[in-house]
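The structures come next, written out as structure tokens.
One chain, chain A, appears in both complexes that follow, with chain B as partner in the first and chain C in the second.
Up next is the complex of A and B:
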């Protein structure tokens, strides 16, 4: 019971930090970054980078999503439990995408039935 | 019950307002993680078919309008900013500002949906809706190009339906805000809706490059 109390106290202090969130200046800075990157990624899409177009576009998307996640969604100021839930969600998504794609990427490697 | 706790609407099964808010936040995040997996299935389908029919996907994705896509992304990011500022206004108890930012978010969200409607109509006019009358002028592999458009409509449609639900909830929030329900001590619905709205923004941040950008130079 005392452990429970202690952990809830921990969350209270962390939760208090979450209450403040970022300042308005941070919001405007993140917003400007997102807008600039949107037009940068649109422009880079018209430049031939060979096979790298998709990697550049997705890297910019991941960076933009991280900005939104950390600052607009207050995750940077959130509790550890929140961060753990998000990480586990992303982990399962990566498992879904990566394991399925490993199957499809490697099917053509062997000329055997069942591909 | 002490008066600050009463002001924060603390239910009897919570020790204090902070704990109650943490519980709401965690609940919202668990919901958003299930949403992530919901959209994740469609992203997976997209990746599987894109690697199976790269030429069809490349030529079909060039049918989308890059400029309109970038413009709409900008609109959505603006709505995310106004939503973040609305949460901020609620936290400092500025009622008029909160209402203003919620209305701005609603307007920007509606603008996004309006542009999306225009795009859908454009696809309709050009017979780019998968089905019996599907046509894809200049596409390399028309049969599999329709797969791209199936995924395009499924993904943007699911995204748009989330926006429509969000717009409905925004109207509810604006009414609640006008009634003065939200205080610096308790504005959890505004904050939780903010998370939902930003999540939709993140989904679009990935939909935009995948559907509009990555095959621009490989027709």
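Up next is the complex of A and C:
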């Protein structure tokens, strides 16, 4: 990391956007939220919501992952470049899921089983 | 071109700055880590090559007489797993990229030197898993680990092999991360994005694929392990899964993985052609952005591996069209290289022989890829030796030719010694000849319908198979000669000057071998790319 300082100062677009992270209070609040949501996840699993079971469970999981990403992994306080890299990762995941589903959605269109 | 500021007396360089095994195993110097990688990938290359030899030996006769079919299955699986995951993917980035990417942008090291060392250790742990698999009886699924065979029927060591590749994936991710951060943050003063050598652009694009794609293969193999070990359903219809989902996930990574192998190689070839034609590369921005375009479009074509699975015809059509599109940026590069050579003063030194070989072989490999990307043709050619010949033209004729070219190009810089010019040219020609003799007959065999992954075949195909096996021995001989004169040069080679080829990139502006800090003063770049010389770069400060 020390080598980082003495190199390239020609960074104008992607520099020094607030390197001070969250306060201790924020960490504790996020931690408490995660614990509560873990409890909610296991409680909601005992309630039958029919087809919504999976959506509710996944929504809670995605929300928790986002909290970890933003606060524990400092993305909220990171540079725009960091955010862009993370967005491209998410975009790639959507691409993977969407194109895979494109196959499953269009199967049997030919009227022949599996085609 | 030799910098007059450095006296000739023996001075400290990265090789002798510290001594003892510990100084190597705990180093954080990117150049030393590159050497550690060079030794390890060479070991795995030899191991994978041994399996290739066994395969060609079995196929020299039509009868399955050397080994039984299930042992043969293990041969080609171990050959594929070792060559793809433990040689081809790390070879150029982790060796040449590690060594020269920081030097080319005027940095003292990568952004995270300790993570760089960690990635080597992770690679070695993954390698140890694979060696364990190999010593305890092997795995017989093919390097693709297709379900349901891999989850329900194979009795090889699928879980250990999957975990080995899973672990190894993190090594590639960390290397890619390191390169991206280094290119963003560590460029020397005046080194703007468009003054970076094209080798750096190629590695930047490769790193994008590594960090976006590698997690998918890691997760996929992990799901495979979960299904095989714990019967959690992802791919087996009996548990509510879909076996074709496995193929989707596997090829989402494994098609771009081909570009992880070939893009760095293209970067090497661009540098070599620029140097040995004494010209600026034709169409710098086109070459730079075609690397990025390949990285992006390479992610959209994976379904061409699923044309004969139960993938829908409509998805197949889309993937077929997209596969044609990805040929465009590759073709741009080929045209740019030939345009660079046109009217250049071409010097046919050994690295240039490999670069020219690369262009020819990669073009054959790429064009036969278009045959396979067309839906109807693919039905005839799927799982035949045509596919084998195609991807060996890309991976061996492309990636390994680039690796050999790069090793010969930078060897004087890495070790401060010149190798035999005569022997190296002889070896390059032997390798080119042996390669074509090995793989060209396989196109014909495949077209005639010889399936891959069988240890026996009808007698009328023996002539072509014998030609192929003979070519493989010639190819092996070529590599052997190369290893011998390269090792010989380490002790007995002539001392290399800082810039033996008259190249114009930053790594040649410092000593051979470089000092531990790469440069005595931080280079300042005031000239356009491929025009700077040592005097300007190192004396401005």
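The rule is short, and it goes like this: the second predicted complex is superposed on the first by the 87 of 115 C-alpha atoms of A that agree within 3 Å, B and C clash if a C-alpha of one lies under 4 Å from a C-alpha of the other, contacts with A are read in each partner's own complex, and residues count from 1 in each chain.
Note that in this section a residue touches a chain if its C-beta (ideal position, glycine included) is under 8 Å from a C-beta of that chain, and two chains touch if they have at least 3 such contacts.
Being a predicted model, the structure only gives us computed values, none of them experimental.
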Which superposed partner A:92 touches (first chain B, second chain C, both, neither): both
First (chain B), second (chain C), both or neither touched by A:58: first
Which superposed partner A:42 touches (first chain B, second chain C, both, neither): first
Greater chain A contact set [chain C / chain B]: B
Which of chain B and chain C A:29 touches, first, second, both or neither: neither
Partner chain in contact with A:106 - chain B first, chain C second, else both or neither: second
Which of chain B and chain C A:81 touches, first, second, both or neither: both
Footprint overlap on chain A, where chain B in one structure and chain C in the other make contact: 8, 11, 81, 85, 88-89, 92, 96, 100, 104-105
Touching residues (chain side chain A, partner chain C) in the complex: 1, 3-4, 6-11, 14, 81, 85, 88-89, 92, 95-96, 99-100, 102-110, 114-115
Chain C - residues contacting chain A, complex: 107-109, 111-113, 180, 184-192, 211-212, 216, 242, 244-245, 248-249, 252, 299-300, 303, 306, 310-315, 318, 522
Residues of chain B touching chain A in the complex: 15-16, 18-19, 21-22, 25-26, 29-30, 32-33, 36-37, 40-41, 43-44, 47-48, 51-52, 66-67, 69-70, 73-74, 77-78, 80-81, 83-85, 87-88, 91, 194-195, 198-199, 201-202, 205-206, 208-210, 212-218
Touch list for chain A against partner chain B, complex: 8, 11-12, 15-16, 18-19, 21, 24, 27-28, 31, 34-35, 38-39, 41-42, 45-49, 53-54, 57-58, 60-61, 64-65, 68-69, 71-73, 78-79, 81-82, 85-86, 88-90, 92-93, 96-97, 100-101, 104-105
